[in-house]
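Shared between the two complexes below is chain A, which pairs with chain B and chain C, respectively.
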Partner chain A sequence: SMTSSSNDSQQLGQLLQEPGSQQQQQQQSDYSDITEQFKSAACHLQLGELLQHQSFSLYDAMTAIEMMEPKMDSGMRLDREILHPQRSAGGPLMKLSDLTDAELLGVMDESLACLASWLDGESALQSVFINLYLQCIDKIECQPLRTFCHGLLCLLQRAKDVITLANTTDEEDFNPLLYGFEAAAAQAADDERITSALKEADDDIGRQVKAGQLAAGHRLVQHRLRLLRSLLLLLRQFHRMLQAMGGGGSADLPDSALSVTSAAAIDTAELVSPAAAEAAAEVRRQLESASSACASVAASLEVGQPAAGRDDPRLKAYGVQGFEPLANLRQLPPSFPRCVRVFERPAAVAYLARCLDCLRQFLTDVTPAACPSYQQLYTRLALVCGLSSDAPCFARSCLRLLYCCPAQQQQLHNYGINLGLGSARLFGRHSPVEFLLASVKQFCPIAAGADLNASVRQLQGQSRQLADSLCLQLGRALLHQVCPLFSRNRSRKREKLAACLDALWPLYESCYCLDRALFPNDECRSLFLPYLTFYLFRLSRLYLLSGFSLQLYARHELPSVYFMLGDGYMYFLLVGIVQADLAIQQQLQLTHNPYTKLSRQHHRYHQQVQTLYQHHLSMLRASNYLATATFYALAALHSDGKMQQLASPHQAGESSSFKHRYQPLLQRPFLPRSITCYTNLQTMWDSRTTFNGELDDSELDEGQQRKPASTPADVYAEATREFEKARDALVKVVNTASSSAGSNSKSAPSLATVCIEDWDGEAMIKVAKTNMVVTKLLAAGHRAGPQHPAELDFSVCPHYPVIKLLAPTAASSTAAAAAAPSSNGK
Partner chain B sequence: MEEVHEGVRYRPYKSELDLPDIVGQITSELSEPYSVYTYRYFIHNWPELCYLAYDADTGRCAGVIVGKLDQHRMGHLRGYIAMLAVEPAFRRRRIGSHLVRLALASLQQQGCTEVVLETEVTNGAALNLYERLGFIRDKRLIRYYLNGVDAFRLKLWLA
Partner chain C sequence: AGCADGADAVAVSIDSLSLSEGHQQAQAECSPERMTALKFLTDCLGRLLRCTMIDGRVLVGTFACTDRDSNIILAGCLEYQSLADCLADPRDCRSLGLAMIPGNKLVKMELESFGQQQNDVSDGLRSDGSPETPAS
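Here is the complex of A and B:
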């Protein structure tokens, strides 16, 4: 029953209601107080007796709101009179005309701040639509403001269309709901009319300022109008570029089709059509305009009226004309009040500028000059994927659409409706199978031969069926799963990495069988297997490294992480690729005849491509060395009593935790099974932390067995040798890339552009060098023992720590004296 | 059954009369709001996973834990620690750890194979407590809480 509440509550309720509605409500409703009847009925229940319907779920329980509970009832935040889009329009806090420069700029800048916050994941109701002018645009008499509001709504719709079409965001990244304001946004859908209106308003201001009718300060308003207009034009051109990519009749081709008439021409296939390249050039022109307008806005943010009430709850108003954060509470579904953070204006403009910068970087590749054929695509894709990790979600959505553009014109026509990207094509026209064959050929040209597709098609019977099926599955997995995963946020990317591994590992055996079918007379020659293994290596490595940025690893888990990154796990994958590489090298030598010009040319080309692949392999091998060195260093630090945190606090369940932690990597063909892997880890750790001489490392591979250490100094010395090996390998890799960058080789892509995700060669060299010196000192007995504790510093490189020796403290000295020698524990 | 451990009495949930203590502890210590339906949903369906801790001398409520157990979509039984709170005056006495151990024992007895919970990434004390018991950080949930803070999903696999 609606019992009478306090006068304050009644007044607050009236603030939310339309004029006259309360009376109207009373006329329609017939209330009666049933408190006594309720109490009488309830007294028949026993203490603790509960009536619960089967359908009452946890979700229902969690979303129930206790009215007037401040933590749950958003309405309790209403502690003042709030602005209303209809009632307050024209009043002193929501002027419709005669706004001063500061007031007008305040509205526009705060709107941009809300727009950036919405793009960053805030709800539109609590960001963009706290600008009440958007709810009564037709009443606005100030022409620049009215046009700005139309433009903002149009931009909202266009940006939402791009993000929804790309389907690369999750609920925590972006909230596409417009909560009943779809109609308002749809009214502003005609962006051609609106961009014209924005231009007209811009020109009008210019004329009036020149004629002295408006103050010079109004020029700052022009910058805001230009920014909005350039963003709208940018999105329009981006859409046209997608249409140009997705056209050309590729819509009806199956996933196995090739876009070229001759498969041998894959090498020189034009990846980007001239029409798409021209559209991309137009997008870049608009990008420059938008960036320029952004910079102008950023330089004049202090002029607009500040939102003083945003952070100071004592103030009764937001501080900007027409802004009311609490106005839309009734539109929100009943939910708990969520903390919303609107960007500060400089941060908002910087966010928009970053979106534009990312897009510019991504678009640089979509030109015939930068990406003429599949030869350059491989390195470009790696470079872009590496850059996309921290990009704003709008930029990531654009990246996804750029590389995996829907081929279906219908999808683009239904701009804004997410139809999934199952028919996605590389640059809108190249099928997954074509992408795969070209990529495999780039990976191993000497093994692939001149026409890989022909070689595959020459297979007969079951081999042919296997080839067709494998190419389709692998091509789809790479184009539709591996490429798009770089457009996800960091947390979801880790989940998608695990899903990619699950999708690729089952193809391992098929790749081996296909290689044997392609090269029946040469047991050492392989193509698809090392290619797949290479991707598995990179994805596994990325999966392990992603735990660092997400802060998933507790200190005591670090030894197992480096064990997996080093000799414990990655080593096995690396061995497979290295063996294939050796076979390729041998074949290269066999086919090279230095006496013919053609042979010399081919040899140079293949050497350059092989050098590219080997450089990539060298980077991975170097990081492998560094991981192994870090493992040994951690073992030494633990055995020396310097880092007690490395001991596992819960040894009983450790093997179970290990198995689940690395579940996406373990239980795979030819790799150590989880229990074996864990046993190896324990044995390798114990052999470096247990000094009772009774070591049993017979279960380890011969390469991993070692003479038992007798003191921590021996383990430090071992770590020093490994860090030295890592340093040498890293320096070689970095120097090779630098010398390649300086060379004038045009035919092959520069080694400097080979980007492996989460790789920072310089930082890793610094870590290796520093740790080499530290472990060398410790091996010599300098600052030995637990009275000189150590700490791990991840500020230089987020994946490999620098060992820092801390100053001895009284506590550590006492603890060192009382502590027993360390033994088991990881 | 009741037990006394280091000056603190632990007992399972008995009746509706315990609800004020439970609600009082959770409301004052945790940032997320819970309606009375939420409390009753957990406690009435899984009373054996609700434990309270009282100071043996003063009888003051020191801490409470609330959980649930149901079938995961993969078919196994999964436990969930919904709420854990310890009165500030009683912290650093391993009361929270003991409450969790009691809940874990009850879950294991019922055939539970894994236990999950969420906690704020900034809640160092909770992370230390659970990691000492063998939980690992399984996932990071971006902007999970109403205040915009990320959460870790912690998981423990029971033998």
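Here is the complex of A and C:
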């Protein structure tokens, strides 16, 4: 209230009154105190009335920082002493020696929590560097603390180098700026000295505890020191492994030439050199010790002094020696001061443990031990990359460096300078061309024949040049654009998808030409084209689905989305793959000779491998059906008047917004006729929503021509059929996946490992089944007309809605409501 | 004075103090005390205000907006840790941009009183809300 605050203000005002010096009085006379005048004048304003300057708007008012509000005002002076790295050092709140073990552990645990927060994306100034000991390390007399701080800075620098070199993080994932502490961090970069100092401190404590000089609680300090040391050693070993991978092998081969290794080498090549494999084993050993150190730290977190002041800024002290969240505020740029959320200690240690777990998984999955043949690398890599979108960014960076190790030694040495991984090779030695050929071979082994590499090498002249450039471009695109696609930032992912599509579409024609050059006598046989089309299919689908999670689609755009996902666009891509599939099946039949054991073995192997790719194909086809079915259902709902917001595609400006929305997908180079996708959409929509007029169906692509429907009920029936097809296809897919999960076929990766992104088979089946029932009801004439509105429910599956029939509006007659069957369309 | 609910803020346009006639509210709005008060406040708009908060910090910025509870919005606001710091070294500050100070957190308000009046042509604020540096 006013009165009490004015009392406070009087007292405080007296405290703040400076003793009069001439100069200050001079300056003070420039300002006149208008407090009382102002406040009484302001009382004349009415409640809710604002007095504002001409150039000031209410919009500006919204963006102002509210002072004295802890969430927005990070500089809020609290009722406690703000620690300063130089001035407070040695004082009771920032002791430099004689720290009790609770205090020491408090500092160390809080530092680990801050480190985890920094790895998670907070700025270093507001996380790691709130530990003021880091700014005056040389003054610390307590040896464990001093070595710990050195180790922390070193770890900071090393981790930052790994993450910036890998370059897979987006803005909010990680903040590499150190705001003036770069020098301090760089100085601490001598990790050999630091790891030995850590070991020494560790041993010293052990000795002293045994001798009784130190309390037994100091053993826990040893755990922290060991954790830091093992993390540093891990990073050093990882660096050595990268050097071993990148240094040897075919680093001097120019990229433009196809690899001259023989076919046998491509199939069973060692993925990495023996030196690198040994280094990888060493990394794994180090990982184990780091994980166990993490676990022992996690078990003893309650001993350290807790940071009570973190949650309650009004407390007298932050709670931990030497920590001051407000110390570095001057160095922050004048942006909106964010409230930094430092991890709780158990969560922080869990985060570090998770980083290590992810790293371990990547090392096991993407190394020779897991992939007996080079061909399987493609599936493994795709799987791992897809799963890595949830991984902490540090682990993701390590993964990228792992499979995409820079070939030149200089890149590894220039820590901190990111020279880009554009020329990097798979595991440091394999050119992207080899990778591409191997995965193409795995994709269509029958079409590829026995020795793809040889057939490519046999090409002459222009075809050979075409092959060289195409393979290089495609391989590079796959390795550097498709694999690092997955990260936490979904809008960036959508941009990256668009960039991938932009990179891949121009290669379409070249793929066709190369196929014809490779198989001049066999018109139906194609290899590179279906491979490329397959990727285009997957990426386009991901692009369209990403719009859902980013909530980009307005209600009236939904029909066009399902049009693109379903028959309108994907159909064309599907046709290409299906044709290749048929050719392969034919080949399989022709070459199968059941009388020889070798042939039977080959046949079984090929069947299994084919099943892998078939499985992928059936997943895509099933989602295709579901999308088409949804499109029909939406058209029927619109024409029935149940959902008015689904505007027809004919509105003004709709055509250009369609082009804009689907721009990366509309680049296909040769269309069967000179018809745009949008016209297709128009005709498909019209044929299902206008019922009395003449319809010109002749312009549609083949396969989309249908008999024009005569009533909404017909369209509902069409939708029902499609939902049924979708349901059957989905059930088959899910069953094959689960049944093969039990089988242990060593020669081919199990189907369960084939993942297609953004796929939830169970949810999609539920949607298909429910919608099938609903559209069947509607087709039979129940609940017809606009008085029974319908709604789309995205809670079951975020990409495909469930159609919900709502309660009839008040306009409907009670008789109609009573007559309709009481079954609620779910 | 029987105003509408405080949920919607009604901006008083200072330029047009013409009020609808015959309205009872208009009568209250016309009172001479209110007119002088509003004139005083309007004169302060666009000028440098130095505000001291209850935790001792000093904020210096261009006065942009206020309301009945003396909540103040300052544009181009600079934050000093104390009055002593502000006087000792004017550069030892943090730039906050637009800041809102709740009226009950204010201890003291000081208005710069050098002779240069802000004339109508330049209203003291640039288009992005930061103040033009006053010629000293």
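We adopt the following convention: the second predicted complex is superposed on the first by the 512 of 826 C-alpha atoms of A that agree within 3 Å, B and C clash if a C-alpha of one lies under 4 Å from a C-alpha of the other, contacts with A are read in each partner's own complex, and residues count from 1 in each chain.
The definition used in the following text is that a contact is a pair of C-beta atoms (placed from the backbone, for glycine too) under 8 Å apart; a residue touches a chain by one contact, two chains touch by 3 or more.
These numbers were taken from a predicted model, which means no experiment stands behind them.
By the touch criterion stated above, A:Ile65 is placed in contact with chain B and with chain C alike. In the overlay built on the shared chain, the residue A:Gln462 is in contact with neither chain B nor chain C. In the superposed model, A:Ser491 lies in contact with chain B only, and not with chain C.
Of the two partner chains, chain B is the only one that A:Gly121 touches; chain C does not reach it.
Once the two complexes are laid over each other on the shared chain, residue contacts for A:Arg661 go to chain B alone; chain C is not touched.
Applying the stated contact rule after C-alpha superposition, one finds that A:His53 touches chain C and leaves chain B untouched. When the two structures are aligned on the shared chain, A:Asn735 is found in touch with neither chain B nor chain C. When the two structures are aligned on the shared chain, A:Glu172 is found in touch with chain B, with no touch to chain C.
Judged by the touch definition given at the top, the superposed model places A:Gln551 against chain B, while chain C stays out of reach. Taken together, the two structures place residues 47-48, 50, 52, 56, 58, 60-61, 64-66 of chain A in contact with chain B in one case and with chain C in the other.
Remark: chain C residues 1, 3-12, 14-15, 33-34, 37-38, 40-42, 44-46, 50, 52-57, 59, 63-70, 73, 75, 79, 81-84, 87, 94-114, 123, 125, 127, 129 touch chain A in the complex. The touching residues of chain A, when paired with chain C in their complex, are 1-2, 5, 8-9, 12-13, 16, 18, 24, 27-28, 30-35, 37-56, 58, 60-61, 63-68, 75-79, 329-330, 334. Residues 15-17, 33-38, 40-41, 44, 68, 121, 127, 131-134, 136-144, 146-148, 152, 155-159 of chain B touch chain A in their complex. Touching chain B in their complex are the following residues of chain A: 47-48, 50, 52, 56, 58, 60-62, 64-66, 69, 71-72, 121, 172-173, 336-339, 341, 489-491, 494-495, 550-554, 556-557, 649-650, 652-654, 656-657, 659-661.
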